[in-house]
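Structures incoming, each one as structure tokens.
Both complexes below contain chain A, partnered by chain B and then by chain C.
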Partner chain A sequence: MNVDVVVAGAGTAGLVAAVRAAQGGAKVLVLAKGAGATHLSPVTLDVLGYAPERVESPLAALPGFIAEHPDHPYAKTGADAIAEAVSWFRDTLGEDYRYVGDLERNLMLPSAAGAVRPSALVPATMAGGDLHDGAPICVVGLRPMKDFHAALLADNLARQGHDARAVMLDLDVERVDVNALGIARMFDRPEARSLVAAQLAVRLKPGERVCFPAVLGLRDAMGVWRDLEHSLARPVFEVPTLPPSVPGLRVDALLVAALRRAGGRIIVGSEVVGAEPAGDGVTVRAGAAAREVVHRAEWLVLATGGFAEGAITLGSDWRARETLLDLPLAHMPEAGEPRFVPEYFDDQPMARVGVAVDSGLRPIGPDGARVHERVLVAGASIGGAVPWKEHSGEGISVTTGHHAAGRLLGAATSAKAAV
Partner chain B sequence: MTTLQTEVLVVGGGATGAGIAWDAALRGYDVILVDRADLAEGTSGRFHGLLHSGGRYVVKDPVAAKECIDENVILRRVASAAIEDTGGLFVTTPDDDPAYGDDFLAGCAKAGVPVEEIDVAQALRAEPRLNPGIRRAFTVPDASIDVWQLVWALANGASARGARILPYHRAVALHRDGDAVVGADLRDERTGEEVRVEAGFTINAGGAWAHEIAEMAGIEGVSVVPGKGIMIAMNHRLVNTVVNRCTMPADGDILVPIRTVSVIGTTDIRSAHADDLPVTQEEVDQMLEDGDRLVPGLRSSRALRVWAGVRPLFDDKKGGGSTRDVSRGTALLDHRDRDGVEGFITITGGKLTTYRLMAEEAVDAMVQQLGHDRPCTTKDAPLPGSEDGAYMLAGARLRTRDSHLRTEQLICECELIERSTLEAGMRSRGSRNLDDIRRNLRLGMGPCQGGFCIYRATGILHELDRLDGAEASESLRRFLEERWKGVWPILHGDQLRQARLDDWIFQGILDVEHLPGAPA
Partner chain C sequence: MTVHEDNVLLDLVRGSLDHCVKCTICETHCPYSNVTSLFPGPKYVGPQAERFRTGEPVSPDASVDYCSSCGICTRVCPQGVHIAEINTRAKARLAESEGIPLRNQLLGRPDVLGALGTPVAPLANWSLRSKPVRALAQKLLDVHKDAALPHFSGRTFRRWAKRHVSPPGATKEVVLFHGCGTNYYEPELGEKVVEILEHNGFRVTIPKQGCCGLPLQSNGIFPAARSYVRRLAKRLAPHARRGVPIVGPPTSCTLMLKREAREILGLEDNPDVRVVSEHTYDITEFLLDLHDRGELRTDFKPVEETVAYHAPCQQQGHNIGKPALDLFALIPGLRTVEMQASCCGIAGTYGLKVEKRQISLDVGADLFSQVRAADPSLVACDAETCRWHIEQETGVTNVHPMDILHRAYGL
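This part shows the complex of A and B:
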């Protein structure tokens, strides 16, 4: 198939790149081995939460952070690109899943363990948990759900000076062990959630806001959330917990829908296995039903992820490899140097390993020279960040995905102008 | 300060100490067993899980081989619930001298280790992942043994006969009254509370730390050199039979299938201190290399965790009076004969397989010094849970799970631990430490290394009112820190991928690093 852009990987970075490229008029094909990592993500748009102290304002902290980390993906794109990408993301999801907040000030949301977790923008269904607001919180545990511990959450919040308590609800379900997805589907049914609301209403105190695990509906989360706020007559918010992530599934579905609306295509189950330069473009080989299919494209956006996604691996020979194109990696400790250190929360030498890119997100070698003219890299594949520690994961994915699409659209525009 | 009285104080809660407590309790003594940490958290909990047939020692050390096979037969009878009857194979790899097999056969015959040489083809049929280049194969009655199950059965058996079991009680001083040891001061490591024990007799079962305890009684020259051995737990049972290289004992020549994993071991490195056992990337590399000789592909298989244990290698600095037997590595020191100090003996050295014999000898020595006549009965008394003589079965949890699919929450998917089992374990242990629960139930010992179950278990511990928020958060953080010590040196391939997912869960989603600590 001939397209303008092949995106390898259907996580947040890949889908953001694909949607923006398609919106910009490019013919886009997303090829993915499987479901993207958005399914595992809390999808709070964390831009910068710790540096390493808790960040109150990402906007204020970013220039210093970028100066201190010249190899960070944010340093490649620049701070302006972050702001553009974040607005684009908010506008793209729009009212289907409204994001609240900005880069001026991090929201402080409770984690499922009761820590205070900084996020720049978050879905409206979660925003009511902002701890800048002093309203008391009633945390609701759901008996069949083992992945959310309301009493622990409330207790830890209370120890930090927040007014919080927990209640436990039984649900009208047959099984004793239901995961987040099963419960979210239950909340999609109006009669099921009004039963929950009725059961809960009598146990709430005046002025309390209500904290649920992030399971309030899969198909129409905004509708379910509004309905609960209405019937309980108070703010309701969700807290993301262990994967699978219901909010992640919502965002994934909305990004795929946006891609289709913009004319893009996605094939899940067709893993990109190789790519070679071909003229002014790139030939992409992908697996499909036990054979290989070749796609011709102007650009390949590599958004396959890092170690967590299996796109970068460390072999038993202790060599790290980007598995698709064998792109050069940055930040890999030399042989004989420690890969990790014994204290878990300390800086781990291997944490920043990822593909080396230039400011245009093109892969580069150790000498700084580009190794692939028609490949752009986005998301967790890029080295230089410790996103789970910085709380910058979604910020990096959205920014680099958006930026990569901007680069290739810009290149197309200037090529046309030249003609 | 609390004061406790007892006839026998046992210091050291490894297999030997717990075995002594059980033995002495069966002989009718009132016993207190103490350890500075959890039971079987030292050497006993840090071995490969092999119940020796003795085959390992038949050429190098026939006396040890004879002891092993005798004890193997006894433990299969009295501790069956902790034993999986895997059987064992000795195989001659292409790197080994086939002639050693003849010495091996002769040695087995002499020591009484049942052995049979089988066709290589038959061995490969039984264990298809074995190196296809093996040249000879022999079967022996090796088995695997779950040490935590064993040690807690010993402790619970003793407890049912009145013994008091005090984990996390560190002996900080031994009391002397003239020429006799008459008790100890303990410190509860969890609460800081001090406890005084007045004891008629004190047995030092401190293993690799025995010299520290002897010194508290003013006894010099008890020297124990820590011999470090590393082991790596591989995901899955790469084999279902214990596999040994048929050669003189060397590094990385035993692969033991135990519960859901298989353990490759071990090394022997003189270590400076028993509490300081760093594992290096190079040691891991060598161990994987050695394992690959037995099971090709082991090197690139998924490694879950690495740990180091210390063998207590006894080296008496004071000649005479000691009953040290060089060939067995067991040392029983009667300090009345050796040092003129009554009411105090030390037992150290040895191996897990012979813990019962060591306990018997230690208690015999005490009985003799006390002038009593109370014979040992541990050869025939089954441990709690082993009364029916049934072995542990690898698939037992799966069978239970099958019948509870709709009625029980599964908390640890890797090790099939259900909520009621976990809650019962938490209640019966009364422990506030997730690591204790891990050892008792294998919580978090599977491929995800607690990635999913540990948040759940923390919440459940908190809900059971065992912990307040501060303690729960500390326990969770400590668990992650402890776990990391055992995983960072082996991280590669899929296990690194798993570790990254766990980083996302604990640091990204739950933000455990920034949970509020206990108020200062």
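This part shows the complex of A and C:
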């Protein structure tokens, strides 16, 4: 197929890049080995949560953080790009799935284990959990759901001085084995959730807000959440759970729908296996049944992920490789230096390894020279960050995906102006 | 199962098994485990249960029989685990150890049913639509009385093809693989495809062929499926070796030739299967490739219809996107609504079985309501059993995408 942009990878970074590029008028094709990691993410927009102390205001902390980490993806894009990307993301999902919060102040949300999780923007369905608010919390456990432990969450919050307790509800799910997705589908049905509300209402104390696992509907989460707030007459909020992540599935579906509306295409199951420069563009080879398929594009956006996604691997020769284009990697520990340290939660030297990019998100070599004129890199493939420690994963994905699309749209505009 | 093919399968299956990180993405996308507790999900019966299927005693878990082999799990797996292949193979081993019901033996052989029904088409069609006969068939054979069965045409596509005279002046050649559905039930589809290809300057060669073995494979009857597809590949291989592309409208059967014979039946090393695989194209894929090279005629007349397009699971298994949509976009006046549902629920012969009928309807419910909401004059869909099922459950006429192209060419 002949297109303007091929995006390799259908996670948050890839889909954000694809949607923005398609909205900007580019003909976009997303190719992915499988479904994207958005399926596993809560998709709260964690921009900067720890640096290394807990961050109250990302906006205030970012300039200092960028100055201290000149190789961080945020340093490549600049702080303004983060703000632009985050607003774009909020506006793109719109009222279908409203995000609240801003970069001025992190919300402090309880995790499923009862830890405190700083995040800049979160779905409206989760915002009521902000621990800046001292209102007591009633955590609702659903007995058939094995992966959410209400008492653990409540006890750990209480241990940190928050007023929290747990209640357990029985649900008739008509099967032995049910995960968050099955329960979310059940909540989509008005009669099923009104049964839950009726069972719960009599057990709530005055002034309590209600914490559910993130299962409040798959197709119409906003409607389910409003309905429960209305029938329980108090704030209701969700806490992200173990995979499958229902909030991630909601965002994935909305981004894919936005891509289709903007005229973009997506093929899940067709992995990009190679790309070669060709004239003013790039030739992309992708897997299909029985043979490779060749696509011609102006740009390739590489958003295939990092170590966790298998897009960067460490061989038994202790050499790390970016598996698609063998792009040069940065932050690889020098020979003789330790790659890993014994304490799991310490700073792991390997954690920052990723593709080296310039400020335009083009891959560069050790000498700083561009190695591929028509390739842009977005998301977890870029080196220099430790997202799980910084609480910056979604912030990096959304910012770099958005920025990459902006770069290629800008290049197209200036090329037209030059003609 | 022969030792060699079993080893090929084992390499493929075992090679991918350990890549499973239990991320649950396959379970999220499985249309079957989402509507029935009888199928616990692709991860559960696949990468997890597979570890208990080697050695003795093997896992007695029969729930894998409720897998429809739609293949969605393999397609969405971000780690490259061959989940559907693992499960289809487990189904075959279950069939081997527990015996194969007569019903599955029959449903697995559309070529035999077609050859038996065609000469007595009026009687056969009357029987398939007669309530008492279907009730009896449900009692004796466990084929659900309300499930959509095809209509015997009474004539075969091959008979038409034998008498068909191609227009002179063709410069390029293509081989048509028509499949059993086209031959016995929808010969007019084959005729339209031939006319479309001839309109684009091709000489259409229609070699002797036969069933690809897919229905046997999805019923877990691997030895017979292998001999079917080997025989078919042997007949098509000489043309592939001459470099002639093999194209076909039955998208499930072209996928069988492209990939499933190699990756599910373990015929990776069969030279006929390999060469045929490399030269086989879904008809929409082939025509869109022509268009990308500027070689497709676009003298389309307006078609004032609203078409709901459903890409069936097996079409999606080609990993080529939805070429039918790009072809439809070339037709003036045509309004296309892309359906967003994954599976219609029939999965070849799955939804015909009495114990699976309700599951089949529950899986398809999402698609059926999307079709009704789109209020189309036609549904376009690339696979025949899906068309029969969707047509029966929605009441909207279902056609192959080539039917719409044929109208637009005004042939």
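Going forward, the second predicted complex is superposed on the first by the 416 of 419 C-alpha atoms of A that agree within 3 Å, B and C clash if a C-alpha of one lies under 4 Å from a C-alpha of the other, contacts with A are read in each partner's own complex, and residues count from 1 in each chain.
Please note the rule applied: a residue touches a chain if its C-beta (ideal position, glycine included) is under 8 Å from a C-beta of that chain, and two chains touch if they have at least 3 such contacts.
Note that the coordinates shown come from a computational prediction; the quantities given were computed from them, not determined experimentally.
Have a look at where A:P42 lands relative to chain B and chain C in the superposition and call it first, second, both or neither.
Touch status of A:P42: first partner only.
According to the stated criteria, A:P243 is in contact with first (chain B), second (chain C), both, or neither; which is it?
A:P243: touches chain B and chain C.
After the superposition on A, what does A:K146 contact: first (chain B), second (chain C), both or neither?
first
Where does A:P387 make contact in the superposed view: on chain B (first), on chain C (second), on both, or on neither?
So A:P387 only meets chain B here.
Of the partners chain B and chain C, which touch A:L314 in the superposed model: first, second, both, neither?
first
According to the stated criteria, A:V293 is in contact with first (chain B), second (chain C), both, or neither; which is it?
Only chain C; A:V293 stays clear of chain B.
Touch check for A:A158: first (chain B), second (chain C), both, or neither?
first
Look at A:A113 in the shared chain and tell me whether it touches chain B only, chain C only, both, or neither; answer first, second, both or neither.
first
Return the chain, chain B or chain C, that is in touch with more residues of chain A.
Higher number of touched chain A residues: B.
Check the residue A:E174 against both partner chains and state whether it touches chain B (first), chain C (second), both, or neither.
Touch status of A:E174: both partners.
Considering only the contact definition stated at the top, list the common interface residues of chain A for chain B and chain C.
Residues 40, 174-177, 243, 309-310 of chain A touch both chain B and chain C.
Show which residues of chain A lie in contact with chain B when the two form their complex.
40, 42, 50, 54, 111-117, 144, 146-149, 151-152, 155-156, 158-160, 174-177, 240-243, 306-310, 313-316, 318, 338-345, 348, 387-389, 391, 393
Which stretch or stretches of chain B touch chain A in the complex?
For this pair, the touching residues of chain B are 278, 281, 285, 288, 299-300, 406-411, 419, 452, 455-456, 458-460, 462-463, 468-470, 472-473, 476, 480-481, 483-485, 488-489, 491-494, 496-497, 500-501, 503-505, 507-516, 519.
Contact residues on chain C for chain A in the complex?
23-25, 27-29, 34, 37, 40, 44, 74-80, 255, 258-259, 277-278, 280, 292, 316-322, 338
Can you list the residues on chain A that touch chain C in the complex?
Interface residues on chain A, with respect to chain C: 1-2, 29, 32-37, 39-40, 174-177, 179, 181-182, 185, 243-244, 249, 260, 265-271, 286-291, 293, 309-310.
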